[in-house]
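Here is the structure we will look at.
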Amino acid sequence: MSTALTLIEVSPSGEIRGSAKMLLAAATRLGTPVAVLSTTPGDHSEHVKQLGDLGAHHVFIAESTQTDSLLATPAVESLAAAFSHFETSAAVLVTNSVEGREIAGRLAVRIGGGLTIDAIDITLVNDRVVARNSVFGGAFDVESSIHGGPAVITLRQGSIDEEVTAHTPDLITITLSLTSVAAATITSRTEAPTDSGRPDLRGAATVVSGGRGVGSKEDFLLVEQLADALGAAVGASRAAVDAGYITHSLQVGQTGTIVSPQLYIALGISGAIQHLAGMQTAKVIVAVNKDPDAPIFDFTDFGIVGDIFTVIPQTIEALHRFRH
Amino acid sequence: MKIIVLVKQVPDTWGERSLDSATGALDRSAPDNIIDEISDRSLEVALRHKDETGAEVIVLTMGPASAAVALRHCLAMGADSAVHVLDDALAGADVTWTSSVLAAAITHEGFDMVIAGNESTDGRGGVIPAMVAEHLSVPHLTSLSEVHIAVDVVNGSRETDYGTLTVTARLPAIVSVTEQSPDARFPSFKGLLKAKKKPLATLSLSDLSINPETSFGSTGRSTITTVTRRPARTAGIKIVDSGNAGVELAEFLAAGRFV
Amino acid sequence: MPTTQERNAREVFTSAARVWLQENVPARWRENRGSLSEKETDEIRHEWDRQLHRGGFAGLSLPKEFGGQGLSMVEEVIFHDLAAQAQAPDGLARIGRILTAPSLIGHGTDEQLARFLPKILNGDEIWCQGFSEPNAGSDLAGVSCRAVKVDGGYLISGRKTWTSFAKMAHRCLLLAQTDPSAPRHKNLTMFLLDMKQPGVNISPIKQASGLTHFAEVQFDDVFVSDADRVSTEGSGWKVAMTTLMNERGGVEATSRYVEIRSDMDLLLATLGDRPDLRKQLDELDIRVELVHWQVSKAVDLELDSPDFFRATSILKLLWSELWQETSILGLENMTPETSDHWRLQYLETRASSIYSGSNEIQRNIISERVLGLPR
Amino acid sequence: MTLLTTRPGEIGLLAAGAIRSALVKATDQANISSYIEGQSPLAWSDISDAGWDLVGVTEDDESATLRDLVEIAKAWGEITVQLPLLTTIMAKRHSARAAEHDGPVTFSIPTQALAAGTGMVPFGHIAHMHMVADFTSDTSSLVAVQSLTSDIFAPSLRAAHSSHITTFTAEAAREISVVWAAEGSGIAKRAVADAVTYAKQRMQFGKPIGSFQAVKHHLSNAHMDAEQAETAAVWGSLDPTNAHRSAVYSLDLSIRAVELAIQVHGGIGFTWEMGLHFYLRHLITLREMVTGLGDHA
């Protein structure tokens, strides 16, 4: 069986990012899953164990002291090295993020691969990788197959969620030489604040969003409370962002973040087309809104016509009861 | 300094966009085509540098005959000359083809710096600048909200999903800018009259010594196999709160194992 | 945008066409049209096709390599306009020129092009169209005329209706079902059927107006060879679409414009001094001219541009409804001198909102294909 | 009639494109009701600094043709804002004094809605507005608009009534009529596009209403009207003899298209917040003024 490479993202503080689980689960569908780690030299035994638990059969570590100071290129070089090490790789999977897409793009040129961006599902059909994309705000599904070369695919975060069997992986470690590569240098770094302790909006399995109907910045707390009761990420409609209830980085929609969670709960959101475009590939959609004619109700699996300030506290309380 | 700006014409985003179910290509017949706003911003970055230093600004696009209007628009804004890669063989080109053709055209013109938008409003792939950079073996500094260009170096701030980076590279390099970069200037009537006299070159694939069969035959291609209009989501259960809806919601979530 | 050179070329073409028409339109037709027998009428119309070919005016917008003149839709429209002003006859080769030729150029083999196009252009062969069926209505996908595969070809059985020129036609551009089990739009095939064969039975249809422009045609096991199949089996829907897009184009609208213009002139001449009708007449007159400008706007666009389809898709609706309204106004205000004309014209124009794709279907096409509304 | 070309020249295409993209950017696709009664989303200086008010004035043998101006006016109508661009372009095109003036210009037209001796002044309600007193004279100065009352029927036109009435040349009256017809066709096109978007989104009986034939046929008819309104403006720009009557008919068609667009919107269509009535008000006022120009054209 051929291998499927995944690019494991590591935070500057050295932790494996949440996307690793999705990538390795997806790779398992296509071949023998390989975790590729582009990192600075050090002890990686904890990483290796963690990746094995997530289903990796091989862990390929490419080390360089410059990994943290160069933009994207170390990851490209690491994947290219892994690609030539595992001669039969059918696919390379990367998270669909700003950096992930660029790494995938450069790699595709480098190895003569075909590129699919922002896939929401992948399968192997007659030994050929078939990727599914959702375009134009979820109005169309497009399936494409890659032929004539290896498949390089970026996967939308949160789109694949399945358990795979843990392994004790093989370890391959190499040292990269990055002295002559064409790369931009990173001179400083400011990590986005993640002090909420909530999952990232982009990859979250559950998202709770609030809209204009929440009414005020103070009352947005209710949205956060429900999110915390469900271990969910917090999102918002453009109307809520424009009204100043919450920061722009949490806007869900065509001009904000496009999410594809297992569960999406919309509170006080009427459902403008631009918002729907950012969340309608969610598996299950729930909405609570006072207006019985709100367009969002045409898209919900479970809709409640009611006041969020009476309904949601009740829900939170019931959720606590279920837990105990 | 010679700056090449990559521009793109996209459908005006009024109303809904559509895919041709037979070919999977964007159905460009529906709305009017306009220059992508992000292309305008990229050009603005180049023009500001031109205003300061007198750099030469060339706009480059690949697209159907109608894309020439977008180039004229850029010339009216202040670009010095324009290059249009136009070839029937490029209809429906994917990112692999597009990036290698653009790279060939950039090499053909010669450059110190290339500026592009981070992603187009129609494709939203966001990979072309990095792919072109790989073809040209130069660094890419992409998704920049701010750009500073000096004699032989460019630097800027880059927004990512995990925070902000400041990045720098020696020229030649490729830069892509985001929506945060400054608004484009408003084209003027005088500029438009001048634009009519500026050079607009049209290049075919053979002008770039590209033979689609031999040049692209050995690379992987992603081919669309099916396009389906997603069935409109149908409304499921809808209840009116009569005092107990909050509990019903909790039960619904528990039944779906979301708790 | 036309360059100065193109403009000049168009002006040269226009004057050449005007002079040629002046010299070639048969006087007998121009002067005694009302009193000619049916046989004489057909002879003059058939001869007109040959004259057009000799004069270099046949197939104006068809490529030169296929025996056309290699000009554009603009010249095609200009020529129609001038021909109507010069009261030229309408040839019998119309179906061959505007339906068969583009279908073959789009989908035919070299051998088919060589065999059929010259005879279409020189007027030797008259074509008819076999699309509509008694039970299919406006829905072409409902065609049930069968083509059963036999050695070397197919046997055609079924019934076609609303067929113009059926009686005199040598060939029929025929849509038949080759695979009843295939999905809609994939079960049809286009054929080039020889009409002068046993098994082809033609019965004229008498219209509400009393005239017989159309016929019903019954096919009983009529043979058509593999060489006379257009493109592959199952591609008939695609081929028919090429054909119909042409039918709805500017050329048809131009010839209709000229007919409606002459009705409008009659209305203005006989009713122009009626103050109570002034507003109505003025509006109709503007609308007649708008048909012409709409065609001009359309043909001036690139044929494959989205605006072209946007502009042409409304033509059929414009002229057919306008023509009905002018004839109603004529009927309501007729005098003993004009009553024969308006009574006939009123009945004749009842059909105009039904043929060439009923106006209801036309509105569905606009809403789905131009505006993108869901089916 | 010889058929030459019905297409605009390069100036028309590029200017329309530039102005359209500036308007799209400035309004950010907001509903007309969110800005039309307040401040214009685009500043007048953005337009005048870039020289677009002079697009109809001949300089170095180059200027927009009337056909080009039709293209510009159409784009302007697609995204209606409350700025006096079209009146200024036309005033500067037909009056040397107006062309020298540094600022927006308008004119005063008698209409059937007003008492004899009173003229409708589009954008006359804007401060420091000047109007052409007499298009037939090269020496007559501009006059500052002394408004009797503001006319609030069409907020997008910021109109005022004035006791001074402009004298028009036949050519100016004709060209202004055609340009307003073109603007009207842009408005109609926009209203139809909005109604189509609405019909695709609005669900009833479990389906978007745009899948029902009754709604489809309304929208096809509205599309035909908008398309023909544009054709009538193009015709008017190329055929002076018929310019005025085609312009009036063009506005009739645009009005009908907007009426249908309102119908398709159902109940929400006639509410103030939906904003469709602003288009209708604008078009009706244009038709009054174009009819008023009929005595000169």
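By written order: A, B, C and D. Residues from 1 in each chain.
The rule is short, and it goes like this: a residue touches a chain if its C-beta (ideal position, glycine included) is under 8 Å from a C-beta of that chain, and two chains touch if they have at least 3 such contacts.
Since we're looking at a predicted model, the values are computed, not measured.
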Shared chain contacts [chain A and chain B, defined touch]: D
Most central chain, judged by mean C-alpha position against the global CA mean: B
Pair joined by the larger number of C-beta contacts - B-D, C-D: C-D
Chain separated most widely from chain A, comparing mean CA positions: C
CA centroid of chain B to CA centroid of chain D, Å: 34
Where chain B and chain C are represented by their mean Cα positions, the distance between them in whole Å: 45
Chain A and chain C: spacing of chain centres that average the CA atoms, whole Å: 57
Approximate Å spacing (C-alpha centroids) for the pair chain C, chain D: 39
Of all residues in chain C, the ones touching two or more other chains: 372
For chain A, residues that touch 2 or more chains besides their own: 298
Two or more partner chains touched - positions in chain D: 10, 196, 200, 203, 207-208
Residue ranges of chain D in contact with chain B within the complex: 10-11, 13-15, 17-18, 20-22, 24-25, 29, 46-47, 49-52, 54-55, 59-60, 62, 193, 196-197, 200, 203, 206-208
Parts of chain B lying in touch with chain A, wherever the complex brings them together: 16-19, 24, 94-96, 99-100, 118, 124-131, 133-135, 137-143, 155, 158-169, 173, 217-230, 232-241, 244-254, 256, 258-259
Chain D partner contacts - residues on chain A that touch it in the complex: 273, 295, 298
Interfacial residue positions of chain D with respect to chain A in the complex: 201-203
Touch list for chain A against partner chain B, complex: 11, 71-73, 76, 97-99, 101-106, 108-110, 112-118, 130-131, 134-136, 138-152, 182-192, 200, 202, 206, 230, 262-263, 280, 284-286, 288, 292, 297-307, 310-319, 322-323
